[in-house]
Amino acid sequence: MNAVVPQGRRPRHLTAGRIGIYAFLATAALFFLLPLWIMVVTSLKPMEEIRMGNILALPAAMTFEAWTKAWSSACTGLECNGISVGFWNSVRILVPSVILSIIVGAINGYALSFWRVRGANVMFGVLLLGAFIPYQVFLYPLVRIFSLTGIYNSLTCIVLVHVIFGLPTMTLLFRNYYAGLPIELFKAARIDGGGFWSIFLRVILPMSTPILVVATILQVTGIWNDFIFGLTFAGRQNLPMTVQLNNIVNSTQGERAYNVDMAATMLAALVPLVVYFVSGRWFVRGIAAGAVKG
Amino acid sequence: MSSVSVRDVTVAFEAVQVFDGLSLDIQEGEFIVLLGPSGCGKSTLLNAIAGLLDVAEGQIWINGKNVTWEEPKDRGIAMVFQSYALYPRMSVRENMSFGLKMARTPKPEIERRVARAAELLQITPLLDRRPDQLSGGQRQRVAIGRALVRDAAVFLFDEPLSNLDAKLRNELRVEIKRLHARLGKTTMVYVTHDQIEAMTLADRIVVMKEQKIQQIGTPDEIYHRPANLFVAGFVGSPQMNFIKGRIENTGEGLSFLSGERRLSLAGYQFAATPLPGREVVLGIRPEHLKISGAGTWPGFKVDIVEPMGADTVIWCSDGAGSVQVRIAGSRRPAPGESVTLHVDPTEVSLFAADSGERL
Amino acid sequence: MRLKTRVSAYTLSIALVWSSGALAQQMKAEVLHWWTSAGESASVKVFADQFTKAGGTWVDNAIAGGANARTAGINRIVGGNPPTMMQFNTGKQFDELVSNDLVRDVDAQAKAGKWRELMPKPIVDATVRQGKFYAVPVNIHGQNWMFYNTKVFADAGLEPPKTFPELIASGEKLKAKGIIPLALGGQPTWEHNLFRAVMVGHGGADMFRQLYGTRKPDVVKNPKFKETVEIFGKMRGLVDPGSPGRNWNDATALVITNKAAMHFNGDWAKGEFIAAGQTAGKEYGCTVVGQEPKLVIGGDVFVFPQTKDKTALATQDKLIQVLTDPTSQVEFNKKKGSIPVRMDVDVSSMDVCAQKSHSILKDPANQVESMEILSPPNFSGAMQDAVTQFWNNPNMTADAFIEKIVNAMRDAG
Amino acid sequence: METISIRAPSVASSGTRIRRSVRTRLPAAFALLPTALVVLVVYIGCMLWTVRLSFTSSTLLPKLDWVGLAQYTRLFANDRFLTSASNIVIFGTLFISGCLIIGFLLAVFIDQNVRGEGLFRTVFLYPYSMSFVVTGVAWQWFLNPGLGLQKLVRDMGFESFTFDWLVNQRMAIYTIVIAGLWHGAGLTMAILLAGLRGIDSDLWKAARVDGIPTWRVYTSVVLPLLRPMVITATVLLATGVVKLYDLVVAMTLGGPGIATEVPAKFVMDHLFERNNIALGTAAATIMLITVVSILAPWIYVRYIRPQGRHA
C-alpha cells in the first residue's frame, strides 16, 4: 500500500483552540460594542419610542433627525446651531494645544534624558506627582493667576492650560522614549559639534516618529474631550464642542432628548475616533518603540 | 611632545563609582590600546578624553592645549563607537558630513573630504544609502569614515569591532592598522577587551582593572614581562600557567620550589630580589614549556590533545596540578603518554603570592 | 484694593474697545445663564427678543448645569471680566458676591417698580441683602408639585391623594395592581426634593422653616417630625427597583407612558409632558399634597456685576426693565413652566397648573421659602447626603436618620 | 606604573569647571525653564494654596483666616468622605487589576495571528476616545434592572434572573468598575500588545523546542518580560483612578445613597456646588497627602535618584 504523502499547502485546521480564540475575542468585542449599540439605536429612534424603554431593540421607525438636529439645530440657550458651532472652536483649540504640548514635552524629555541639568529630575518628580492630582483643585488658583496676567478667557489661555496639564504625560512619554535611544548617538553628535538645539532638531527629532504618533493620539483624545478647562478658560467666543455637547445633554431642569444626546456624543467623538482608525497600527507600534520603557 | 595627556584625573559618578587621580601620557602618532575586562574604566577614560563626561579634578591636554573644559567638538578628536551610532534618518553621506556642516565647513571642502574618506574605506557606492540598508561591517566603515572626515589629530575608538563576526573583525582590524600607518601622525586611542586586537594594533597597551592602570607597555613587554598576576592572566591565550610555590636558596643561587618540583632561577631578571622562603607564583606561558627527553620536570601525563592547525595545545597533569603546553609541528604525543617538560628560567615570570606583583 | 483697580482697568479697556465700535453695539448685553434645554431656550428667547426690540444686542452665553455656569460666571466676575448679567437661583448663592461688593444694587429700580409690594415675600427676602435689592427675580417655581396620571387613577378607581397618609394607602393599592405608585429620579437631588415635599406637606410650613432655616436641633424633638420622617421612610416601598440613578425625566416618562401613577417634582417637569404632547388637566394632573396646600417656592434671579462704565450701566437698566415687564413676564413663564414673579399680572392665558399655582400663592400664608433660600449650600448638601443614605437604605431607622440631620446642623454651623 | 588610591568623591569647584558646565548646559536649562516655572507656580503653587485654604473657613470665595484643623475634624466625621475613601480603594484595586487581566488576555488572544486583528483592536480601543458624559447614560440604562440586561434575560423566559447591582447599595460600586474596565482595558491591551510584539522570537522557538505549553510560556516567561509595560499601564490607570469623577457623575451621581461616592467628586461638590471651599480643599489635601506618600518613594527611586545617563 502506498503511503499517503501530503501534497500542496498544508490544510488550514480550524482547531478547537482557534475556535476558542475567536469565541473569546468575539465575546469581548460584544461587551465593548454594547454601549455603542445602545447609543446608535437610541440615536435613530424618535423620543416616543425611547420612552417605551426597549433600549436594545432596533428602532421601529428609524430616523436620522436626531443626528441632523444634534449637528446643526439643537439649542444651547438662544443659539440653535447644534454642536457644529463648537466644532471649529475645538479645532482652533486642538491644533495649537496638541502641537505646543508635544513640542514642550519632546524638549523636556530630550533635556531630561540627555542633558544633566541640576534639579531637573526633582522638577520632573513634582510634575509626575502633579499627574495624580485631580484637575479641579487647580481651577480656582489658575483663574486668579490668569486674570492677573490679563489673558484669562482667551484662546491663548485655554491653549496654555492644555499645555500645562499635558506636561506630565508628555514629558514622561518622551523622556522614556529617549531613554531607550542609544546614548552613543548623542555622544557622536556631541563630537560632531552639535549643540543642544541642533542635536535635537537634526538627530533626535527625526528618530521620534513613533512616539510623536502616540503623543498625538493621546493629546488629541484628551484635549478634544476636555470639557472643564474649555468651559473655565476659553472664553465664550472659543467654547469647544464638548461644552455644547454638555449644554445639550446636561440641562438640569429642561426636558431631555436622548436621541439627540446620543447622536451629539457620537458626533463629538468623531475626531478622536478617526484618529484611532487611521493610526491604530501606529499606536501599537509607537508604544512598542519605547514609549513604555518606563 | 605628547599628543594626549591625562593628568591626575578624577571622575565621580553620582558618588557611586569613582575614577580617581589617574594619569596617562600618549605620544603623537602613537597607537594606544586601553585593554581590560568590562567595567575596568577604560571606556570612562576614553569618554573623559573625548569630553563626553565631566572631569571632577585634574586636567586633560590634547596637542599641547588644556582642553579639560573644552567642548568635545573643540578638542580635535574623532570617535568611533561600538554600536556605530550612525544617525538613522541620514544617508551615509549626510552622516559623514554632519559634523563638518555643524562646523560650517564650505560645501566643496565637505564633498572633497567625504569623497576621500569614502574612497579610503571603499564605501563610495554606499554613500546614498541609509544605515539600515547596510551590513554590520559596512556600518562600521561608515562610522570610521565619519571620524575620518574630521581630520582630527586624535582618534578615539570605543570597542569598534565588538559587534562584528570574527572574519570581519580580522579584516577591519587590519584596515584600522593600515589606516593608522597611512594617516601618519594621527594618534589613536583604542578601547577593547580583546587581547588579540590589543596585541596586533597597539604601539603601547594600557592594561586596566577596577578603574586602575595595571601596566603600560609595548605588546612585547606586556606579554613577556607582565607587571602583575592580573596582566599575566588576562593577556595571552591559552592562558599562562600559574604554579604556586616558594623561593629557596640552594647552593647555586635562588630556586623556585613547588612540591617535589624545583627550578633554578639563574638567569631570571628580578625586579627586586626576594628573600628565601617567600611565597610566590610562577608563571610560564604554554609555548615556553617544551617537551623534551631530558627536561627539567619529568613525570607528566598527557590528558587532552588539542590540535589547532599551526600548533597544538597539550594538557598535562602530574597529580598535583595541570599545565598547558603549546608545541609546534605535527609530531605530538598521544593521550596517556608520559612526558618530561623543560622550562627555561629566562622565559618565566615570578609574582609575589600576596600582592601579585612581579618580582 | 489692587484687584479692584485691575478689574476696573480691564472693564475700562473693554469699554473703550466697545465704544470705538459701531453705535449698535452700545447696548450690548452678555447674559450668562444655564437655560439650555429646548423649552428653557424658548423662554429665555422672550427676554432676548424684548431686549432686541428695545434696541439692544443680546449676547447669549448659556452653560448647561447650574454649578458649571455659576463656577464659570463667578470665576469671570472675580477675574475682572464679568458678563453684563448673570443668572442665579434665589437664595444664598450670591451672598458673597454682595458682601465683596462685586454686584450692583438695584434698589432704585425696585422702589420705582414697587417690587416689595408686587412680589411674594419669600422671593423678596431671598433677593434683598442689607435692605437693598441686589438681584432681579424673574419667576417663581413651585418645587413640591405632585404630577399624576389621570388614566391610571381612573382605571384603579382612585382619587388623587390629598394627604401623605392617603398617598401611602393608595400607593399600596396601585402597587398591588402592578403599577409603579411613585416614579422617582433616584438621584440625591430628587430624593431630597421628595423629602422636602413630605416635610412641608405633612410636617407643615413652620417645621420646614425650622429645619432648613433656623436649623436648631430642637425641631427633631417634635413627635410630628419623627412621624414625617417615618412617612417618608414608608414611601421607599412605593418606588420601583430601577429608581436609583435614574434621571428625573426618565421618571416623568414613566408617568407619561402609564407605567407609574405619581411623580413629585418642580413645575419644570411640565416641559416633559408638553414635549410628549400631553395637556395639564387632561392626561396628567397636578396637585400639592398636604392638609393645606403650601407651595415651596424659589426661582431664578439675575445679578448685575459692578461696572463704572455708563453705557454698561444703561444696558443693565434696560435689561431690568425688560425682565420685569408684565408682558415678558407672562410669556417667559409660560414657556418656562413657572409663574410670573409679579402677582399683579393676568395669568388667565396660562395652563391650569400655573393658574392653580398663582391662586395658591395669592395667600401669603401658603408661600414657603425654598431650601435654597433658607439654607447655605453646605447645609443643604449635608442634608442631601443624609436623605439619600436614609432613602436608599431600607434598614436605616428614622432615629438614625434624625441623628444624621442633627449632625448636619452641627457641621454646617 | 600607576597605582591609584580610591578616595571619597570630593566636591571640586574650579572656576573653569563651572564655566564649562554652565556653558554646555545653559541651553538645556533654558529649555527646561518654562516647565520649571509652571511646576513652581502652577503645580507647587496650587498645591500650597490648596493646603492653606484647608485651614480656613472659606465658603464661596477663599478667605485667609485660620481655623486650625477644624475642617479635618469635620472631614473625618463625614460619612460621605469615609465612604468615598473606601470606594476609591475598591475601585482602584479592581479597576487596575481588572484592566491588566482583561488587557493581557485580549493582547494575548489578538497576538495569535487572528484575522481582522485591526478591527478587534479598534473595537477594544474606541471607548477610550468617548466622553463619559453620555456613554455613562448608556451603561446606566443597560445595567438598570427595569431597562437593560435583567429585563432582556427575563423577557427571554428566565423570570428569576436578577442583575440589580446598579441599584444595590452594596454592589453599585462594582458597576462603576465594569464601566471603567470597558473604558480602560483597551489602552492596557494596546500597551501590553506592544510589549508582546517586542519579545524576542528566539524565546518562542526555545519554548517550542522544550515543549512548554503555550499558556505556560505566557505566564512564566512572557509575563515577567512585560514588567515595564505593566508598570506603565498601572501608572496610566492609576492617574485615572485618582481623578475618577465623570464616570460616577454620569452613571450614579454617587448613589444609590452615597454608595458610589468618590473623593474627586467630594472635592468637586464642595468646591463648586456646596460653597464649602475649606472642606473641599481639606479633602483635596488628604488626597494629595495620600498620593504623595504612595508615589514619592517610587518616583524618587525610579526617576530622581538615577541622574539621567552620563553624557
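Labels for the chains are A, B, C and D, by order of writing; each one numbers its residues from 1.
Following the convention adopted for this analysis, contacts are C-beta pairs under 8 Å (C-beta built on N, C-alpha and C of every residue); 3 or more make two chains touch, one makes a residue touch a chain.
Here's who's who by UniProt: A, D = ABC transporter permease subunit; B = Sn-glycerol-3-phosphate ABC transporter ATP-binding protein UgpC; C = Probable sugar-binding periplasmic protein.
Here the structure is a predicted model, which means the values were calculated and not measured.
**Student:** Grab the C-alpha centre of each chain and report whichever is closest to the global C-alpha centre.
**Tutor:** Central chain: D.
**Student:** Measuring between mean CA coordinates, which chain is farthest from chain B?
**Tutor:** Farthest from chain B by mean C-alpha position: C.
**Student:** Just curious, how far off is chain B from chain A if you go by their C-alpha centres, in Å?
**Tutor:** Comparing mean C-alpha positions, chain B is 55 Å from chain A.
**Student:** Suppose each chain is reduced to the average of its Cα coordinates; what separation in Å results between chain B and chain C?
**Tutor:** Taking the mean C-alpha position of each chain, the two centres sit 89 Å apart.
**Student:** With centres defined as the mean C-alpha position, give me the chain A-chain C separation in Å.
**Tutor:** That gives a centre separation of 38 Å.
**Student:** Please tell me the distance, in whole Å, between the geometric centres of chain B and chain D computed from their C-alpha atoms.
**Tutor:** 52
**Student:** Hey, what residues on chain A touch two or more of the other chains?
**Tutor:** Each of 53, 139-140, 187, 190, 246, 249-250 in chain A touches at least two other chains.
**Student:** Pull out every residue in chain D that's touching 2 or more other chains.
**Tutor:** 137, 146-147, 272, 307, 310-311
**Student:** Multi-chain contacts in chain C: which residues touch at least two other chains?
**Tutor:** Only 71, 78, 247 qualify.
**Student:** For the complex, which residues does chain D have touching chain A?
**Tutor:** 25, 27-29, 31-32, 34-36, 38-39, 41-47, 49-50, 62, 102, 105-106, 109-110, 112, 114, 118, 120-131, 133-135, 137-139, 141-142, 146-148, 152, 182, 186, 190-191, 193-195, 197-198, 228-229, 231-233, 235, 238-239, 242-243, 245, 263-264, 267-268, 271-272, 277, 281, 284, 287-288, 291-292, 295-296, 299-300, 302-304, 307-311
**Student:** Considering only the defined contacts, which chain A positions touch chain B in the complex?
**Tutor:** 182, 184-185, 187-194, 198, 202-203, 206-207
**Student:** Which bits of chain B are touching chain A when the two form their complex?
**Tutor:** Listed in rising order, the residues are 47, 50-52, 71-73, 77-79, 81-83, 85-90, 98-99, 102-103, 146, 150, 158.
**Student:** For chain A, which residues are in contact with chain D within the complex?
**Tutor:** Chain A residues touching chain D: 18, 21-22, 24-25, 28-29, 31-36, 38-39, 42, 53, 55-56, 104, 107-108, 111-142, 145, 164, 167, 171, 176, 179, 183, 186-187, 190, 195-197, 221, 225, 227, 242, 245-246, 249-250, 258, 261-262, 264-265, 268-269, 272-273, 275-277, 280-281, 283-288, 291-294.
**Student:** Sort out for me which residues of chain C touch chain A in the complex.
**Tutor:** 6, 10, 30, 33-41, 44-45, 48, 58-66, 68, 71-72, 75-76, 78-81, 247, 249, 253, 256-257, 266, 268, 271-272, 274-276
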